[in-house]
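In the two complexes that follow, chain A is the common piece, with chain B as its partner first and chain C second.
== the complex of A and B ==
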């Protein structure tokens, strides 16, 4: 039997796999001082994988393989492009941190790329088995990455917590998937969608609930969020940036694929659960973020809250017109969230090189001695808060549009909650900005201008350019959202 | 069908008792050995489902590799082997309540959904069903429909190996 390979369609996956092997072998041959070259090989591999994505996008159309279990269409290409870009920026953030800290370098990029491989497969997977394998491929390397600072007990704690919660959530999700398979007799999402339309069984609701609960752990939605702040704080900061953007969006893509392609005909399977998750994430994430004194923990709770905003369109989507604007909103929100969150983490990493601290008070007076950094950081913070003209406002706008398009009482309540949370969120983002601009640097602090490595600067510039360009001219990403939603 | 049902219930009961033993045991080695009972029970269930290949894979991988690895792990690290350290904690009663509740709800729902279903193993449909468990059929689906996840898992195992070396290395 010929499985029907389409090598053009899986070229990005093959290129990343080849890069993983190349990095692993090259690391063996480089002298100790040449190990930084593994990062260059890894980055080149990621850039090379972008090429087939562009050619596939130009080619257009939908390519299906393996009875529709692996699909390359605009939806998957948009996310694959996003994951590769996020991986590239994460590597820019990592190179000096990992090099200076004298950590294992080749192995770091092997694990990072394996996680990215999982994300690429996830974007194309339309089958429960592929989705499960892809999700594990995203998660398992990051368990090790979170504990990369082996001699720091906090990093060990981060890795252990993340690992235990991750394994448990996989078990819950797998049990849910097995029930879905038992009830529908298929692992293909398209066939599941046909079956759930007519199937009326209370077990189906529980199956949907368990599957979604597993994903909720991965995207750290309240009440499955408690690992996130500790893991984010303990993990090396570049890894935290990668976890909070790439790995989290990987979870959202899994959720979106399963809900949209699989469960959508039967809204009882996902709508009440997702509504609850979205509302709880919005309220708790934002309220707890207000009380944080550590910037990484604050960004952790902020990412939980941002996850709540991303969940809003899921929770209100139903059969019919609202799906299109919901998909658009989820895609646009995740893309913009990635750029602004990576940017904020880049500044945190750059500043921590000087202050060796992640307390919010360490930002005091930054506007006086490093105005450039303070300006960019304020930009990312206001973008996260949703203040025009930075990209965040457009993300929030599409989210509210999706909620209003749905036009149901539940959707209106959720939109109102989201509006209130946006206002609360503004306070804690603005607090960091106030610290930078209106407070004096602490006594005895080193107030020479901060020199940042080239790679970090590049990462900041890329993120800032996206945040400004999309904020001023939102059609850039709106078009991507339309494409992904099949428009 | 009666014979299969009797075997199923005997195996299921042994698995449940083994599983309770895993969490109740005060000794890590005993817990690992109880786990053998559960895994072997699962393998026997696969044979009842006419899936010999999966059953043997279960025996070779879970009993032959995973459990042995557990025992080696306990032996080579300084994990408490005797019964002197308490493995229980204060949350066992809430945990018991939650487990019984979950077992009740899921059990009731499973009976509601599948209780009246019967597997037909006679005639053409039964013949087709029996083919599904055969190794050849399994190989066909691994190398056609599921070839991408299959290959991705091998890269994942490579990464897991690299990660394990990084964690375990003394430096």
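== the complex of A and C ==
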């Protein structure tokens, strides 16, 4: 009954917990002017948590705890590394934004890190209850973060919508999970997998459907997406970047764990639902993004559509031995999506510091007075559209490879849909680029070169380096995908 | 292939049953209840007071205490089952519980440092 503690395996989680406590305590004692220190402690903690991840990766092997409910293997390490990197970049984006507002800095980092803690646990969780607790640990702090600008009604609206939808999706998911437990008699994913192989009950389909519908809210897949654009627009932009990357990928990791480790022997439980979600997200996300005039709303719909691309491998996974390439594709796609989306948001934040606007027209003429920023922004946009030599092409490539490996009519139809929607997507990404390069800045606009804070520059440089490096030399992330898929 | 998708009939039945139950009950209520409309009946219900503009019956400061109470409540939920099994669980669980209580107590320290505990 007494579980052995493997402190090496849970070191990243312990370090982040210690950092949360340290930031909270530091916030008590530093005077108003010294509050920026909380940000330094938080960043250091995130970097320190990277160390055990590297040592665990070098060590290799699989470490199990709590009767197999908490597992540290290459799959969880890849995602833990991703979440820490995404958290670090999100903090770089937040420093000046939150610092300028100059209030509640300590609390901001405590909540952000608590969400990250949930993500770390999520990557290792192999049990329905720990997955649920981890998902709530990810979500609850982000409800508060979305409403950070207390005096802005839009921010409040964002928080309330996100909160209500989050609670509702948890309820739906829990209902599904309770059915899964009722049918299989276990919350452990490996035991569920054993049971669903032989169990023949229509209720099993209902259980799978409800569980996945709950996750679909979290990853804002159509038709459960309607909260995302409003929340993304109203929340402070650095928080939006965090929500659209870290929190969304958290949902995908949960979905991948449940589907791969739990439901995989019975493909009827998840494939048709995920096929529908993927197809709807691809079509609706891309078409509605075409009509947006606000860059944050456009990126919100773009992230819904990108979510559709990530769901494609899920929907074809168990056909024709496509499991390995599907897992690889989900891992690679989420990693690349994180880098390019954070990069795009970094530029939006940098420009909004000058223009105080999030309209796409505020990008007009950027190429004339801030060519560096315009070049990098174009790079992120074309990467999101999937144009080589930027990383996005490789993400899309692995996605199509998984669909072709499956080689069923359903998979082929979905691949064709994905191909058509990536062409549509190119139009709205290119529209922002056209605004930057071929339009004149508006009359009376301040066209001095834009000075961006160091932290924001660092975030842009990190994201741009990843987008170029992986685009030119995709083996960098392909290896991570292999490792996660157990290759 | 058709068998595969026919299993999804169960999902349709579940959704249909859910809609029918809510719709049926509300519809039945509408059919058999008497309707004598008065303006007061259309006011949003809020424990007897006017929902907007009226003064509330309780002091908003109690809200903070309710929140802090949750902290001790959660603590108790975990401490009782732990205490019953403490002898078999050993020293390791004692350390775990101390860490847990210290982290929870930080919440109280936070409230104290932010001046929430002052009745001002």
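We adopt the following convention: the second predicted complex is superposed on the first by the 484 of 487 C-alpha atoms of A that agree within 3 Å, B and C clash if a C-alpha of one lies under 4 Å from a C-alpha of the other, contacts with A are read in each partner's own complex, and residues count from 1 in each chain.
Here is the rule we go by: contacts are C-beta pairs under 8 Å (C-beta built on N, C-alpha and C of every residue); 3 or more make two chains touch, one makes a residue touch a chain.
Predicted, not measured: the structure shown is a model, and the values here were computed from it.
Asker: So if we stack both complexes on chain A, do chain B and chain C clash, or do they fit?
Answerer: With chain A aligned, chain B runs into chain C, so clash.
Asker: Classify the contacts of A:10 with the two partner chains as first (chain B alone), second (chain C alone), both, or neither.
Answerer: The first partner, chain B, only.
Asker: Of the two partner chains, chain B (first) and chain C (second), which one does A:24 touch, if any: first, second, both, or neither?
Answerer: The answer is both, since A:24 touches chain B and chain C.
Asker: Once the structures are superposed on A, label A:209 by its partner contacts, choosing first (chain B), second (chain C), both or neither.
Answerer: Only chain C is touched by A:209; chain B is not.
Asker: Can you tell me whether chain B or chain C touches more residues on chain A?
Answerer: B
Asker: Return first, second, both or neither, reflecting whether A:323 touches chain B, chain C, both chains, or no partner chain.
Answerer: The answer is neither, since A:323 touches no partner chain.
Asker: Could you look at A:380 and tell me whether it touches chain B, chain C, both or neither (first, second, both, neither)?
Answerer: A:380 sits against neither chain B nor chain C.
Asker: Quick check for you: in the superposed arrangement, does A:217 touch first (chain B), second (chain C), both or neither?
Answerer: The answer is neither, since A:217 touches no partner chain.
Asker: Determine, under the contact definition given at the top, whether A:272 touches first (chain B), second (chain C), both, or neither.
Answerer: After superposing on A, A:272 lies in contact with chain C but is clear of chain B.
Asker: Report for A:363: first if it touches chain B alone, second if chain C alone, otherwise both or neither.
Answerer: neither
Asker: Among the options 1-9, 19-27 or 91-99, identify the stretch of chain C whose C-alpha atoms clash with chain B after superposing on A.
Answerer: 19-27
Asker: Under the contact definition given at the top, report the residues of chain A touching chain B in one complex and chain C in the other.
Answerer: 1-2, 17, 24, 202-203, 206.
Asker: In the complex formed with chain C, which residues of chain A make contact?
Answerer: By the definition above, chain A touches chain C via 1-2, 5, 17, 21, 24-25, 28, 202-203, 205-206, 209, 268, 272.
Asker: Which part of chain C faces chain A closely enough to touch in the complex?
Answerer: 4-5, 7-11, 14, 88-90, 92-93, 103, 106, 109-110, 113
Asker: Which of the residues in chain A come into contact with chain B in the complex?
Answerer: Counting only chain A, the residues touching chain B are 1-3, 10, 13, 17, 20, 24, 65-67, 69-70, 104, 107, 110-111, 114, 117-118, 121, 125, 127, 129-130, 132-134, 136-137, 140-141, 143-144, 147-148, 150, 182-183, 201-204, 206.
Asker: Would you tell me which residues of chain B are touching chain A in their complex?
Answerer: 105-106, 109-110, 112-114, 140, 143-149, 151-153, 155-156, 158-160, 162-163, 165-167, 171
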